[in-house]
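The structure follows.
Lettered A, B, C and D in written order, each chain numbered from 1.
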Amino acid sequence: MIEEISVSYFPAFRETSLNDPVLIEGLPGIGQVGKLVAEYMIHVLGAKKVGEITSIYFPPQVILDETGLARLVRNELYLYRSGTRDILFLVGDHQSTSGEGHYLLADCYCGIAADAGARRIYTLGGFGVGHLVNEPRVLGAMNRPELRDEIEAAGVTLQRDDAGGAIIGAAGLMLALSAQRGLEAVCLMGETSGYIVDPMAAASVLAILSKLIDVPVDPTRLNDRASEMEKAIEGFVESEKLKDEELSYIG
Amino acid sequence: MIEEISVSYFPAFRETSLNDPVLIEGLPGIGQVGKLVAEYMIHVLGAKKVGEITSIYFPPQVILDETGLARLVRNELYLYRSGTRDILFLVGDHQSTSGEGHYLLADCYCGIAADAGARRIYTLGGFGVGHLVNEPRVLGAMNRPELRDEIEAAGVTLQRDDAGGAIIGAAGLMLALSAQRGLEAVCLMGETSGYIVDPMAAASVLAILSKLIDVPVDPTRLNDRASEMEKAIEGFVESEKLKDEELSYIG
Amino acid sequence: MIEEISVSYFPAFRETSLNDPVLIEGLPGIGQVGKLVAEYMIHVLGAKKVGEITSIYFPPQVILDETGLARLVRNELYLYRSGTRDILFLVGDHQSTSGEGHYLLADCYCGIAADAGARRIYTLGGFGVGHLVNEPRVLGAMNRPELRDEIEAAGVTLQRDDAGGAIIGAAGLMLALSAQRGLEAVCLMGETSGYIVDPMAAASVLAILSKLIDVPVDPTRLNDRASEMEKAIEGFVESEKLKDEELSYIG
Amino acid sequence: MIEEISVSYFPAFRETSLNDPVLIEGLPGIGQVGKLVAEYMIHVLGAKKVGEITSIYFPPQVILDETGLARLVRNELYLYRSGTRDILFLVGDHQSTSGEGHYLLADCYCGIAADAGARRIYTLGGFGVGHLVNEPRVLGAMNRPELRDEIEAAGVTLQRDDAGGAIIGAAGLMLALSAQRGLEAVCLMGETSGYIVDPMAAASVLAILSKLIDVPVDPTRLNDRASEMEKAIEGFVESEKLKDEELSYIG
């Protein structure tokens, strides 16, 4: 019989003893910011896949590769072993489709971090502001007041105009549910319009995350992608302005 | 593994033997009337927090304070100890997002009251009438006919034009589910438009509740807030009337 | 802890040995036809309440009487004991709010019938046709082919233009789920527009049901109500025709 | 008490030892393509019904035949025994109404295939393209790379423009969930507009499926139905063109 949530680790991983690990969550969300950052890091650092999560709370579908090979919707775990510390990445196709599933899955993810011996979790996301952002700030949230100084020193904006605001889904729930397991957790959110997949917000988040975990990550290709998008947007804005001028001229 | 509903009491509370306690429920609802009354009482009486309730039936999100500290959506218990009787307050961020969750949570709340030794529950809410109300009445409901005389004597309106009407959510379900545990329960609903957070309706409810539980609560600041809102609304209505007159003049 | 579905019988009923009982279901539905018939029969025959069903699958609310006394949304069981046979009525406020709840509740209702020793169930409803019906037929459905002759002989229309059509909710599910318990079941559906509470359809159903269970039920007051509504509708149709004529005259 | 999912086999089937069986799933879906193919094969091959599946995750209703006989919404199993191999067909009224139900039912179907000793499953469906298709291709998906050569040799298109695309419901989930039980699975999807029940897409799927399972199926009547629909559509398209010409003439 199928389980509500199934976590499977690759055999080699089960025998691995991790070195001061952190877990970085980058599941789909606003502007796909967290997903961009985590998948970019996996790619650049050459992290290896070590496990998978499937669940009846994910959308009821399979995903196909370019040759028609099908697999369940899933979340995935990747491991990067630097000399000094290990990083577990949590990425994937989808989040839960139900409210209850969100809680159960986020608690499962925190259990994965605890079982791996992690003392800290980073959850990544976008902070939708509804308009284009030139120099996206990185807003932060955490599950312990003691983390403030360290986070602010890394360049994260903690003072909020929206006290009482909420973080929906895994990036938020993992902050609170990991506290119940004695783990530290920090959420980094890049400011983004929320309308497009946003590499600029992702580049801002990456710069700060890299500093916080003290693991260098070459940002060149993400910055390149962000620059390209920036130019494309500038070009679009210019052409809109020209249209406006033409229209005023005609008017 | 996460529980469907989790109730945690502060250690000191567990050892407390309460003196003739009542439970007052003021969760979010129509016009936020119940929430306003209960939170105002907690503030003015200086009630102390004694416990928390979290649940997978609450919205799947965390709530941030002004420095980015995150916590689960939750309901909270506060205790006020007068010389003569103790009051437990149930307040919080949200109610359930599902129908089944509403039943399970309301039953849990009644269990909290029963475990604390309470013989009576007050649930508070707004009664939406769809238009501005000058002198909001307090409508009542109860779970035992014997309670009528006492409630009416306190100024509650029990005669209803809407027999067969319903009270949705915790304020309603707790009336009926507490009866199954042998508890008395009274619901007090301040008439409100339903469009705005309504301190006028809250002030009406507070006056009657204070009388019923025989615990004096200084209403000054709530009345002040209600007066301010009353003036603001009068000003708005006047300016709308002026506009109407101008329009008739033009027309 | 609250049960998903709770059935409670009055003590006297538990000791009652029923005489060849049938169960008649008349829960809310299209045109409230089933509800009208069952509640009318309970009233005219003087059936006595013998039990209640509550469930977390009902809407999460309480219902108030004219003095503010609150009770859970519920379904109710009534018993009528004629000289020759006993009738259990199942009526109530609401049906389930979820698909799964519909199945679980309908199965519970069939269990009630089986426990009472009933060999047959009648489920009542409306058959929505989307337009006013002058002489509503009673359409039928059953869970065994052997029942056809008896039902047709009583005046029920079984030949259907809509093979493959469906009956949604308790009136339908009880037909099929009672078959699994070895019970006979017949559904009687009065043709109705579906737009209004329809005593005309109810009167048609009552006439045939009374014949089938061989228990006379004085239809006078239901027929009176149907006649009144018939006249009201005729008056409305006439006035609409007049308007049309006036409009043609103008046009 | 009703089960969440109930599978019942006819007694004779339980004693049957199957000969190299495959399971073919043809439940309702896009263009009803899978349903058309599977039900056509059952009809032409004279497969016999051997079992039924009911579930609280199906819509809460009963389905009537032309005489008013009611039955639960269900899925059905049919068996065809050729000289060389046996085929189990899975067809039915509906798929699940909830996401979780989709997973639980699809896993149940894979369990049925495994229990029957099948080594391979074929799931059938339509591939909606949003416009009329003249010569519908059959797109494929599978749960093991080793199956590619065999499938392509049979005429299935595997190269996809929509890598990352999804197959929703049983036809998709059974691919992935059967892999967990060590079964091979292939999904065949006929290109279809998605707007109409599409015998043309079904005929394309049938031709390839018949080849893959090495069981000849006379396609005459399905092809006839496809030709009729093709002519009807051509006629419709012509008449639309004429209208366009008239309109251009007028314009």
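One rule holds in what follows: a residue touches a chain if its C-beta (ideal position, glycine included) is under 8 Å from a C-beta of that chain, and two chains touch if they have at least 3 such contacts.
What you see is a predicted model; the values in this text were computed from it and never measured.
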{"item": "Numbering shared by both copies at the chain D-chain A contact, with half separating same from different", "value": "different"}
{"item": "Angular offset of chain A relative to chain C [C-alpha, multiple of 5 degrees]", "value": "180"}
{"item": "Chain B and chain D: spacing of chain centres that average the CA atoms, whole Å", "value": "54"}
{"item": "Centroid spacing, where centroids are CA-atom means, of chain B and chain C in whole angstrom", "value": "38"}
{"item": "In chain D, residues with contacts to at least two other chains", "value": "none"}
{"item": "Interface residues, chain B side, partner chain A - complex", "value": "1-2, 56-73, 97-98"}
{"item": "Sites on chain B touched by chain C in the complex", "value": "96, 99-100, 102-104, 106-107, 111, 139-145, 148, 158-160, 162-169, 172-173, 175-177, 187"}
